[in-house]
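Next come two complexes built around subunit A: one with subunit B, the other with subunit C.
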Partner chain A sequence: MAIMRLNVGPIHPSTHGVLRLVVDVDGDTVKSVEPHIGFLHRGVEKLMENRMYMQSPSYVEKLDYVAPLSWDDLYVAAVEQATGILCKERAQFARVVLLEFQRIASHLLWLGTFANDVGQLFTLFMWCFRERAMILKLLEDVSGSRMFYVNLRLGGLYQDLPSDFKDRAYKLADYLEGKIVEYPDVLDENPIFLERTKGIGVLGKEDAINYGVSGPVLRASGIEEDTRKSNPYYTYGRIKFRIPTGNRGDSYDRYKVRYEEMLQSIRIIRETLDLMPDKGDVIGLPIKLIGPNAKPAPVMISRELPRGEGMIYMIPDKQKPYRISMRSPAFVNLAALPKMSENCKFADLFPTLGSIDIVLAELDR
Partner chain B sequence: MEIQSEALARTLEGLKTKGFDYLKKITAVDRVDHLEVVYILYSTINNEHEIVLTQLPSENPEIGTAMKFYKAADWYERELSEMFGIKIKGRKAKRLLLEKWNGAEAPLRKSFEWANPNYKKL
Partner chain C sequence: MNDMPYTPEQFMNAEQEMDQLLEQSAEKYKVSTNAMFAKLSDLANLTLDDLKRWSRANSLWPMQFGLACCAMELLDFGSARIDAERKGYLLFRGTPRQTDVMIVAGWVTKSMVPRVKRLYEQMAKPSYVIAYGECATSGGPWWQSYNIIQGIDQVLPVDVYVIGCPPKPENLFAGLMKLQDKIRGNVVGDTERSISENARRTENKRV
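Presenting the complex of A and B:
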């Protein structure tokens, strides 16, 4: 049969952003997929080379609008390493709690939209957004902004935590756990969901490593790799948690890994709050006072972002980075899409794409 | 680890047999008088990093491909060639990955004017 070339996107509800896929199909079997990216490319790396260090966090946050705090943390940590400023102890605990809440919020948004892609229409979507809104409310009360926090400063946060922060965080963790455990009821017993995710979009162990995928996509393929464990930062080294892994590497495993990760995040939040001192300084250096004279030695720093491993390789200069290069986890994960969707049905391409959890703004930088 | 650009394939092959099975990032730095290409490798078994640096001339830079050893190199190399104007030997020129313009100038080179020259400089 003749091969037909289909064009999906760049504006398409299933591509979760501005992504174009050129798909060659034989009947309804996908023969090849070529992602066309770059629609949101705005040269963030170049812009940051021409900004003072602490002018850049708002650029970094706009990379990933689903988990801005995680990127903010990655960037601020890179600058802290370059300038030799240490993060205050209580601020480290606070960052871990906020980052894990951010991870849950990001996974919730993913889960809701993924369920929509697959045919669990809007029930789960509404549930996920209900819980996500509560997390955003807490983050708003900590930072003053609902989505783009720009909350981290060198050595700490920009203002003290609310006095009832610990209580509210405990309560929210309890609430989230109670709700999140209900989610599998509408997924794991839903034949449509299982049919469309099990055995679909398989990425084997060797391929996962060879393609360099990271985060839940890598762990779903059965590799226990998590920066929080392998190179612990902040207080992660002092906390017990598990790295959820899958074994088949299909879309279902990627869902399961993210689901388990949310529960592990709640566990991390609880344990961190237990260890966190009630009093102490969390406030970092104010932006205006900063003229960090960074050493020119290259900085390489990794963080486990919700979408995978983010990394910054930076050559610092005195006031601005001489060169900053960012590893976007979604960029690498999307590059493995053609492998995942080899010879799958055309309708299965979208659950596979959805299961990678891409954010196009981060991908294109 | 600093190497000659000709020795890239040999080095990567050696590192891969030593357990560095995961390519994290390929990037480059424009040092004005030369270009520096950076390969960041990782070993999922031993949990360690290795950074491979190699220098290229600013004029007509060329480097071999890492695709033979790491499939992850695919998009990184395409990004490298359009952002720094580095030619990747052994790879067919494809459409640009990120840019949607003519790509005549490499945007991440220091010689590239980042803003409209008429704007007020910071």
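Presenting the complex of A and C:
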């Protein structure tokens, strides 16, 4: 049959944002996929070069609007390293708890929209958003904002934690665990879900390494790599947790890895709260336009974001970065899409795309 | 022939005058047989306008159209916590042909402008635009960026601005209620565009 070229996007309900795909199909079989990006490009790195250090977190948070706190933490850690400020001990515990809650919220949103892609319409979406709203409520009470919490400062947080923070976090962890274990009832025993994810969008071990993917996509292909383990920061070195991995590298494994990661995050939250001192200072430096001078040595720092390994390479100037460059995990993971969707059916293209968990703002920068 | 008191032209004119007089008198003394119906049709015209406004205001169909961060809050708006259907804001539709409300959620880059414009032109008329969030209102934090237009109102006529970064879903709910008020004609001010379907007014003014 003749090969037909289809254009999908940039505005399309299933592309998770403004992504444009040019797909060559032979009948119903996908022959090649070519992602076109750049519809959200606004030059963040250039803007950040013209801002003082602590004016930029609000730019960085809008990179990954599903898990803003993770990017905020990555950037603030880079500035802390450049200025030589150490994070206070209780603030480290608090950051770990908040980051893991943010990771769960991000995976919940992914799971809800992924279930929609596969055809499990809106049941799981409603469930996931019910739990996500509880997490956002806690983060809102800690930071004062519902979605973009710019509450990390050099060396700590911007204000003290609420007095009942520990109690609420424990209770929320219990609540989340009780709800999350119910999800497999509608997914793992659902023949349509299994048919549409098992053996679809396979990315082998070698391909995963060659394409440079990271995060759950890499772990689903059977490679046990996690920055929290291999290069522990904050208090992750003191906490016992498991890195969930898959072995086939298909969409189902990517779902399973993220699902297990949510449970592991709950475990991390509980252990961190056990170790966390009740009293102590968490307040960091206030935002001042003229802050401490940064050392001129280049900074390279990496963190495990919900989507994979994010990196910042920064050449500091005294009060603002001379040059800053960011490695977006979603950008690298999307590059593996043509490999994953080789010779798959056209209807399976979008579950595969959804299983990568892309965020277009982070991709385009 | 010369004795005749009038010329043939005058006679012709007189005949026409007579016809006119007859017509005038017929109009003057006409007893309208469908007077009752005429009054009813006036009433129907009045209520048809109201009926149009009422039905347009109560069946807003927003488009599933997320650009950036604010789309997350749109998802939350569609979830169970805010039950949007109780006010008639029904499910988000995937195609512009079935919708009449465009919620611009996020910054609009220069490469997206022609696409957003085309979507607006494809929507069922009369169509309404809500600028959701700072970026769609004024460019927001990216105001100085080289690839951003400073607000969607440079391209499309905006009915309601919902501010915040991002605005809470409750704010969008309030914005849609404001839009309903505007469609019903309860808002004083610039109701001309949304009622009279003059789509390009703002664009001509600013771009």
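The definition used in the following text is that the second predicted complex is superposed on the first by the 363 of 365 C-alpha atoms of A that agree within 3 Å, B and C clash if a C-alpha of one lies under 4 Å from a C-alpha of the other, contacts with A are read in each partner's own complex, and residues count from 1 in each chain.
Just so it is clear, a residue touches a chain if its C-beta (ideal position, glycine included) is under 8 Å from a C-beta of that chain, and two chains touch if they have at least 3 such contacts.
Predicted, not measured: the structure shown is a model, and the values here were computed from it.
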Subunit C versus subunit B on the shared subunit A, clash or fit after superposition: fit
Contacts of A:66 with subunit B and subunit C, given as first, second, both or neither: second
Partner chain(s) touched by A:295 [first = subunit B, second = subunit C, both, neither]: neither
Contacts of A:198 with subunit B and subunit C, given as first, second, both or neither: neither
Subunit B versus subunit C as contact partner of A:318, first or second or both or neither: neither
Contacts of A:238 with subunit B and subunit C, given as first, second, both or neither: neither
Touching partner for A:171 - first (subunit B), second (subunit C), both, neither: neither
After the two structures are overlaid on chain A, angle v-u-w for subunit B, subunit A, subunit C in degrees (C-alpha centres, nearest 10): 100
First (subunit B), second (subunit C), both or neither touched by A:38: both
Partner chain in contact with A:47 - subunit B first, subunit C second, else both or neither: both
Nearest Cα pair across subunit B and subunit C, whole Å: 6
Subunit C-contacting residues of subunit A that also contact subunit B: 38-39, 41, 43, 46-47, 50
Parts of subunit B lying in touch with subunit A, wherever the complex brings them together: 21-25, 27, 29-30, 38, 40, 44, 47, 49, 51, 70-72, 74-75, 96-100, 107-108, 112, 114-115, 122
Residues on subunit A engaged by subunit C in the complex (per definition of touch): 10-13, 17-18, 38-43, 46-47, 50, 58-59, 62, 65-66, 109, 113, 125-126, 129-130, 132-133, 146-148, 360-361
Footprint of subunit B on subunit A - complex, ascending: 37-39, 41, 43, 45-47, 49-51, 207, 209-212, 223, 225, 230-231, 298, 300, 309, 311, 313, 315, 322-323, 325, 327, 331-332, 335, 339, 364-365
Complex interface listing, subunit C residues touching subunit A: 64-69, 71-73, 75-76, 79-81, 94, 106-107, 109, 111-112, 115, 119, 141-142, 144-148, 165-166, 168
